[in-house]
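What follows is a set of notes on a single structure, which appears directly below.
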């Protein structure tokens, strides 16, 4: 990278922290990335400012979520793309400047949609049929057979379904639900009714959805505008016997109220997300019977991480050849500043 | 039933033991059954022979699995249908005589296919993603987050699937698998290759299926010809990291070998069936880590039992109006004598 | 066939007239048939009685629609199957005797379902969008562009659909309609409502279906009980602007009334069937503008005829190995005598 | 619009020529548009410059394809969106300036995708089965029945399909093809292979696609870079007996060579587009037997035009409330300048 004869190749700054090169790139895909430019690679921890700043004027792309305030972007005159290899948009970038100058801002969120959707479906059937609880009872010698163990069970087929949020996750889940021939309500205040109808779902208000759905998937991203929008009042609208799948972010619900509802048997639930992660060892959440516990693990599969690398190289290749990216999620000028997801986990310490 | 003015109505003998009227009939459906004939109803235990024999000559239908040897069938000159409200065919009927005289012989097996198929799908994703194990670990304070907990996880989407047996269960499962775009091999020695190809699956030999499939669904009925056909040799063909769902009958596998494979980590598995049920309290099966335990409960849902009643009334109505039944499973002359399922469970004691 | 050393091989009488060996058998499939038994093959015209009667006592199968009255069946003591290579059941067989003695009676009707269903879908869109008429106008120099030519056009997507008859044809068509997300009503008096609902359609009465459906598929077989059941009164229930696809048999409608409706512009229609075929040269049906004309050609594809042979060999192989057939359509005791389809066309003269 | 008390309402300039208000707006949708701002409506012909320029500084949206060079955009300081109610992007807008300042540039192309896709499917089956030709022959008294008329016919089910272009049209067609279980190749040089694989199609080079596909859908938009890219050499790669559906723009093929191929019987084809429209009265294209003729009418349905209005109002409402549009097609900075579609047809003269 410090040679001189290669000074005509475009510079790609690779600063994936808290991700890592090993986490997101198969060897073949990394080689393909190398064919696109000279890579300034900093993998163990965030790139030091002086290195970043030295290369920025020559960089066509930043892969990662390095701080890019206005003053940096001004010097990044060759920059064409910021490819965030996490699933979010942090407020450390002057997005307006990017949109103005035509820098593509992309996130890896779509890589996680299908892994999460598969789990969401399995969670729904698990709760509808008591699968995990029945296994636990069996191990404790308390299993019941046949109908005796199915008193609350219901078929997913034909159930009333509610999707709260209809972005990447909802659209990945929808095809998986198709063979169950359910009536599906969707609440998403960013989408017009007809958009939802075009997906053969019924647009619904939040209260209507909560009070009529037997299976409720919470798939909404957390933004500065919707934190805790599923509060106690909303949770109390849910019919007894329903099941709730909290898949996206804990912050969209009043989490303590959510847990109380499950403890009191108002509904059963599964959650993949928690307000504090890792969950403290003595957290009483671990003992709630009707709650299927998943340690923020439905999205973060090996395949999903590699998919990030695949998508990033594909999109960067398109951008460098003058075409629009199509695989990662493009930031939208109107909403990019609203997202409030927490940063992802660093895997580098444990060799991932 | 003992009036005289009603002697022109057809007699329907209702002897559902070990099922019961309450188990399989909603009130409305029972009323509809009553409109089809005079019901000789015996619900608490098997019908006494003298009652049965008295009404048999006038009976157009027997709902249940009463003994019907040749000598009884000879006297049942008005009999048009035997509607077994269990999912099997017992060897206590002279089926040849039925076929000869045109008595319809029907079983309720299709009522259970969809409930079981939904669970089978959830089991597959559960094992592919470690859902129940992750919940158990979480409760024990040993949960891992994200990729760390996903080292063995794989997506169902795009997986190599194997279906062993392609009767009611396989055909109910197939549509649920459609959105996962898997390559599906089917082994069913009763079906020609083209039949399987018409369902967009690949016909396969058992060994080929076992050695190439990542997710193996065992859905074969047990017959006098296939007991234990998935033996140790066959189980050893399964690739490490695969998952096996034993959904139909324990007797089709060498069950002890099957358990050993799971204990030794050759593959993970779920089973809904056991050689002896209820499973003894101290059975070591309860402690096998990689085995998802389900106490013969995937099929026996409230809805499935009512569906039996619905199907029986629908088909009896068709038969009595001179049309062929379409909802229950018709016995086939060639195979009816081969089935070896155990009788179902009686629910009457516990008020079901 | 006249050797002596082969006298232990089962005899298969092949009398496919008006079909022929070349029409329905690929070479490989014919060889497979030969491996199942000794074939008494008579291909140019109906088998002479003396030949048939000589071989009948040794025959395990008759492929064709040879007369099989009681007296013949009595002598056919080894007979296991009658495989009619047409799509119907003629009244020249003592079906009751077959059911009594366990002779399988099968027809090739399912071979035609998919070819016909594909055409039916194309016909529906053709009429909804005026495709064939627009081509005709274009050739006459009278084409209109864009919206001007689309004043009556409607999308199939989201339309109200009606299926009259829900046998082989309806069930082959249904999956093709799935991506159009239509509301589908089904009228079939042989089927209970729940059977139709299990296919995610709405059971409907004939009048209700006719008066509410924008696209009406007539798919009912003709029986001794339903000839002309779609009469003038029924046709007048159809809403202006609807389209009617007559796919199964002309005899189920009042054909002259049907044509009048199209001529008067009550609805547009396509028909693949006619009361007399070939249609007389001067038949005014040839000049009806709103009628898409198809000369009984939607089912009879090269592939469909070969499929008959494939199915027959597959099913015969199953039967001879003691298993139930699964590919051809099994006659049902209750309805086999009701069918009134005309015999198929002979292709042998023109070398097919 | 000339009142004074309303001066705080946003101005929406409506200049839809060659479209018209009546063409694209249902009454209810027009009322909804009025609720979003004060509409400067000019409907009969292009808006006069002085009116446009007077209102431009106060306009939040321009609905139409008015010239918007740099100097006009500079004065349009409140402008948030340009909603082109045609399906294209004309070169009369300084798109770079729009991207720089965050003006949304949208087209109505998606409104036409489904209507066109339904026709494309029907065209494919029409050619595979000879539907329109058979109707023509029938009217001429030359119809053939059954297999005789099906010598070239093939099933769509299981066919090798090729999609040239995978934008709005391809993605609308894909679900309609799903029940036919075809192997589908896609050629689209703007898309990475994995994107195509995610849609369960096979990415293919143009030559490979042409030489292996039985059914070829031409769905590519015409750009400054791809005019005539399907030339004589490419057309000669197509296998005899294949069918070609030219759905998007005539300019992507060497049209005379395309017609010659059809005349010579190399393949059959359908075309909805022509180099010159209306086609001259004496154009020999009208006499080509194997060509299904459609006068640029597959997209322009009544419903599609109303859908434009629906989409425009939905997206404008989102934009004015600070959310990103989701229904119309957003111009992409990299490609917006490449499109070379001809302008649409004006319908105002004939009262549409």
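First chain written, first letter: the chains are A, B, C and D, and each begins at residue 1.
What we mean here is this: a contact is a pair of C-beta atoms (placed from the backbone, for glycine too) under 8 Å apart; a residue touches a chain by one contact, two chains touch by 3 or more.
Since the structure is predicted, the reported quantities are computational estimates derived from the model, not experimental observations.
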item	value
Contacts common to chain B and chain C (chain labels)	none
Each chain counted as touching chain C and chain D at once	none
Chain whose mean Cα position lies farthest from chain A	C
Between chain A and chain C, centroid-to-centroid distance (C-alpha), Å	51
Chain centre separation in whole Å, for chain B relative to chain A (CA means)	39
Distance between the centres, which are taken as Cα means, of chain D and chain A, whole angstrom	34
For chain D, residues that touch 2 or more chains besides their own	none
Those chain pairs that satisfy the touch definition	A-B, A-D, B-C, C-D
Touch list for chain C against partner chain D, complex	23, 114-115, 118-119, 121-123, 125-126, 128-129, 131-132, 134-136, 138-139, 141, 143-151, 153-157, 175-176, 178-180, 277-279, 281, 286-287, 292-303, 305, 344-345, 347, 350, 352
Footprint of chain B on chain C - complex, ascending	96, 99-102, 190-192, 194-195, 310-311, 314-315, 317-319, 322-324, 326-327, 332-335
